[in-house]
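Next come two complexes built around subunit A: one with subunit B, the other with subunit C.
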Partner chain A sequence: MQAAPTPWLFLLPGLAACVVFSLYPFLNTVALAFTDARTISPGGFTGLDNFARMADDPRFWLALRNGTLYVIGVVPPLVLLPLLLALLVRDKGPGIGFFRTAFYTPVIASAVVVGLIWTWLLDSRGLVNGTLQALGVLSRPIPFLTDEWLLLASAMAVTIWKGLGYYMIIYLATLGRVPQELHEAAQVDGAGAVRRFLVVTLPAMRTTMTLIAALSAVSAFRVFTEIFILSGDTAGPGGRDITLVMLIREVSSGLDGHVGYGAALSLVLFGLTLGLLLSVLRLQAGRKGPR
Partner chain B sequence: MSTTATRRAATSPAGSAPPPRRRVARRRLGRRTRVALRYGLLVLIMAISIGPFLWQLSTALKGIGEDIYASPPRFLPDDPTLGNFVRVGEVLPVWGYVWNSVRVALATVVLNVVGASLAGYALARLRFRGRKAALAVFVLALLVPGEAIMVALFLMMRSVSLNDSLVAVVLPGMVGALNVLLMYNAFLAQAAQIDEAAMIDGANAWQRFTLVALPSVKGTIAVVAIFAFMGAWDDFLWPLIVLSDPANYTLTIGLNYLKGTFVGDQRLIAAGTVIAVAPLILLFLTLQRYFFRGVNEGAIKG
Partner chain C sequence: MRIRDLASTGALALAALLAASGCGIGGAGDDTPALQGEVTGEADGEITFQTWNLKADYDDYFTALIAAFEEEHPGAAVRWLDQPAEGYAEKLSVDAAAGELPDVVNVAPDLVHPLAEAGLVLDLDRARPGAAGAYLPDAWAGFTMPGGSGTYAYPWYLNTGPIFYNRALFERAGLDPDAPPATYDELFEQAVAMAEATDGEVAMLGQTPGIVDLGLYGSEPMNPEGTEFTFNDAAAVELVGHYKDMYDAGALVPEALTQDYTGSGEQFMSGAIAWAPGSAYDLANFRTNAPTLYENVGITGVLTNTGQAHMYLQGLAVSARTAEPATAAAFAEFVTDAANQEAFAREVQIFPSTAGSLDDPYFTEDDGTDESRVRVAAAEQLATATSYTPVRFSDQMQNILRNEIALAMLGDKTPQEALDAAVEESNALLGTD
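Entry: the complex of A and B
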């Protein structure tokens, strides 16, 4: 048994940080969400007014729509493609370490840098349009960054491109744990590579796939930087590509920001991410249940 | 050999065994093609993942006289120059932003490595009342997304007059809950006997932590350090909210500002992004061996 204070001394910095900069601000957010607080005044209790205001706020519904589309557009590729990447770089071979590092590079770069790089690539005079036009495929440039839907799709593509390497690493770590005997047995049975993937690898990856679905879905609802940079802080034409985080920042900033309303929106964001997380995890539990 | 038969009998569902000989023959024939296919795919994906960075680097190296909108686009600069890196420093205090980012990132790394290893060790290796409750605090903190508390954090920083300072940029990320749990996992994996032996030798908790436990979790420490550095160096939203004086800008905020000011000159933006990403790539290349090892260290238990 430990002398009483020692463990708590070890825990002090970490616990203090999490309580002061995470849990306490969260409780504050909850409290603020039911007030009409402004940046300059604490405001008073207004009950559910902020949530009623949300229902009438067209930008809130736009943000919700964009977040939902983001989840739908980003999660399936981020669950499947990194698994294929991981399979490609799993077996050691000449240069594999180099390829792993190369695939991980987009993860390292900041979302701002990545956004700026892709702004340049997708610009009407950028590499993508320039190449396609030089090849004669296009007569006019594709407005990747100025069309409501194309901007959203471009941001999704950037998110996927940046996320592949990260989830690849998670898969790699799990792939190492698939019992090699199962593979050998299937091979002896004459199962080809595709069949071995479906019968041996995929079932063993199920938990990891669920985890990645949950992680990528949650981060899809929190998207900010990609759209912010690609659109040049305008949230797309007419602000129609706004996301929840962009909206929170917008309503709460400035000398007289509506921080109460911002906090209420934050609470919705929290509810959405937690709800998504729990439902994906429950899906997994349900799948396991009958066995 | 005899085990193969039992294994096969144990794992093969009835009726799913095709004629093995033909399959084997086909596999042998296809071997070279398969390797070629695999490397072809690897190179293609590599081009997709690092091509955009190279295009950015190429733009940053193109001189003022060169048409960066040439059609068809030209990859290699005609007359490569470092002039854009000098010019971007003239129009914006980029090197000051770099210095701010370096300080923020180093402070974040030190605080996270120290705080997370200490807490992770206590949770995994020390027995005391309240351990489960402490663990629960970290898990709960993990569930709160930073974006959902940024308004409250901003008000908090303002109430203690810290907003618009680099300290305010560092504080919220000083000990990430995820890092604590990563270290917890790593310490949990250590053999209890070594700890017990050290205890019998009279080592106290601090000695066991620094002399016995820490040296064997270097991989996970590298992962925590890299994640902390990347997180701080790459962060955009929180500094954007909390910083307003350009003298305090970190590099990401400065880059966004650069874009707004000089939309006309793509070369300068490109130079700025190269300055922002190059140190990280170098850092990662230096530590990548530990990183990939550390990822596995943590995963075995995860």
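Entry: the complex of A and C
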């Protein structure tokens, strides 16, 4: 039987856009990763030189460390806190719309604006330090933005704050699908609110939690804006808070940027995030397996 | 069998990708051959002219300038493009890589170097012999490749400036606002005294030293051949050591480790720091945006151990692949001629780079206002000023230096180790590795 061409015609514009804006740049990046191309000179094939350079580049290892720490610091709160928020705003009541909107507002705010607001809050002369000093709690400001570890923690706080509302919405959608009879049955069996949450709600949320873990882990590894805005583009004092995306930008940008090396770093980032995603999904598939 | 097929297909695909990479990137986007030799002919073509964040404030000036050129050269047409300050180098690199560099383009010396190396801008020494005579020799030399031949942009406007200091903060720290530091030793001493007197609430400085500061202190940033950076010499190490002492004493704001010139300027405007380099342009900015500071601002000369202040330089390069070289070169010369540069200097509080222009009474006579005092002092300073930023010193290298100095401030490296690392990494970037 011959397939009708009409569906393909409908798909054509989307496919064309996908090839031009996603597939071709990706394939071009793969090709560039094996060259010594600069921004305005094509360069030639250099085999695995860029990957060897990466192994000797201390900033690459620093970026890898920071990315890993970011995943560890950000993923658990982004899996758990939005679920608690969703439970809080699930039931309809007076003023609930206000809270739902308030929790969601950071999601739609521009990342740059969010970064600037947090900079004003956390600066050595910002609102937090200023208030604490005025109250006599502190004699010296806390170096939120000028200490290697505090800056990383501050950036994580911004990421969590900005992501809460987004994941809360996903949980809200899933919560609505948990059968009410299960709750009622558990209640009849004498289960309290905490027990009902543990034996009814949480198992029903497992797939969504895995999805959120995967999404937030990938985003965490690709973090850029939060650290860029908070550290004034230096990647922290001495560049100690650099992430892979910041490193890619730094080595590839400008008129004499090392585009080939930047492409190799991009490929590694792609491999890492893909690996992370597949690991989480495999974990989930394992749980679903036959009993 | 299937695996072998897959491997073969993969190898073919990779080979195709690698072949594509050879022609899919870089400045080879345009096959037009680069111009060689002298550029002559009538200026009667259509060209594009790109400026760097000037449209918002100087639209009228440029519109009139372009109209005057078109009137003087019937048949010529100029299309003006203005790019925002943020990401200018990135925009330029995209245009250059695509082979779409504007015919006449506003550049700083460090932007010209890679363009010249890739053969994308005209060598004016060859294209317009004799043009150099119209400009100040140091300004022309600012676009000449070190250790090589060729000059790749017409000098446009110059800037230099005094040091501004906050008199109120000096008084608060018990320092004499009428006797600001006149030497580096006085600066180091008063900075520490200020931090101690105010219990760290007021810092003298908002930024760690950059390449210009090292040069002003007496370091030689690069060898004369332009092949190696040398800003890890004894003078540079000594200066970074002094900054480390000041940082430990609280004489630098904590943000100094991550802050650039703009951030430092904002700290000065907000009254967090007491001392900041600036230019004649800043005074008007203080009056509008920081009136309290403006009432208290003190003005003093640049500190330097070399006797030469720093000169910031802007230029106009001509694309080597322009279809209208005669029009492009004529327009660049028109924009940068003495009359037009002097007129622009009156609009913006900058200085012309044309020979003899600084002798104009506007730049030599003080009419009693703060603006004219700063202008006259800066113009006088320009007579001996030089650019301490090597043309081969890129943004990436600047970032490396800033980060290494931050590590020295934190005590993770000695000043010598930090500067050695910055030099080593910058020299590695100079090559084609």
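Basically, the second predicted complex is superposed on the first by the 285 of 291 C-alpha atoms of A that agree within 3 Å, B and C clash if a C-alpha of one lies under 4 Å from a C-alpha of the other, contacts with A are read in each partner's own complex, and residues count from 1 in each chain.
Everything below uses one rule, namely that contacts are C-beta pairs under 8 Å (C-beta built on N, C-alpha and C of every residue); 3 or more make two chains touch, one makes a residue touch a chain.
The shown structure was predicted, so the numbers you read here are calculated from the model rather than taken from an experiment.
By the document's definition of touching, of the two partners only subunit B reaches A:Leu269; subunit C does not. Using the contact criterion defined above for the overlaid structures, shared-chain residue A:Thr68 touches neither subunit B nor subunit C, since it reaches no partner.
By the touch criterion defined above, A:Ala186 reaches subunit B but does not reach subunit C. By the touch criterion defined above, A:Thr207 lies against neither subunit B nor subunit C after alignment on the C-alpha atoms of chain A. Once the two complexes are laid over each other on the shared chain, residue contacts for A:Arg125 go to subunit B and to subunit C alike. Touch criterion met: A:Asn28 reaches subunit B and subunit C at once. Within the superposed three-chain model, A:Arg140 lies in touch with subunit C and out of touch with subunit B [touch as defined at top].
Contacts of A:Ser279 after superposition on the shared chain: neither subunit B nor subunit C is touched. Once the two structures are overlaid, the count of subunit A residues touched is higher for B than for its counterpart among subunit B and subunit C.
In the superposed model, A:Gly232 makes contact with both subunit B and subunit C. The contact surfaces that subunit B and subunit C form on subunit A in the two complexes overlap at residues 28, 32, 39, 125, 232-233, 253, 259. Residues of subunit A touching subunit B in their complex: 1-4, 6-8, 10-15, 17-19, 21-26, 28-29, 32, 39, 85, 88-89, 95, 97, 99-106, 108-113, 116-121, 125, 127, 130-131, 133-135, 161, 164-165, 169-170, 172-174, 176-177, 181-182, 184-186, 188-192, 218, 222, 224-225, 229, 232-233, 244-245, 248-249, 252-253, 259, 262-263, 266-267, 269-270, 273-274, 277. By the touch criterion given at the top, residues 4, 7-8, 10-12, 16-20, 23, 27, 38, 41-42, 45-46, 48-50, 52-53, 55-56, 59, 69-73, 111, 114-116, 118-119, 121-123, 126-128, 131, 134, 137-138, 140-141, 143-145, 147-156, 171-172, 174-175, 177, 180, 204-206, 209, 230, 233-237, 240-241, 252, 255-256, 259-260, 266, 269-270, 272-273, 276-277, 280-281, 284-285, 288, 292, 295-296, 298-300, 302 of subunit B touch subunit A in their complex. Interface residues of subunit A facing subunit C in the complex, by the touch rule stated above, are 27-28, 30-32, 34-45, 53, 123-125, 140-141, 143, 145-146, 231-239, 250-251, 253-259. Note for the complex: subunit C touches subunit A at residues 14, 17-18, 20-28, 89-90, 92-93, 96-97, 111, 113-115, 118, 120, 200, 253-255, 257-260, 263, 270, 272, 394-396, 399, 402-404, 406-407, 409-410, 412, 429, 432-433.
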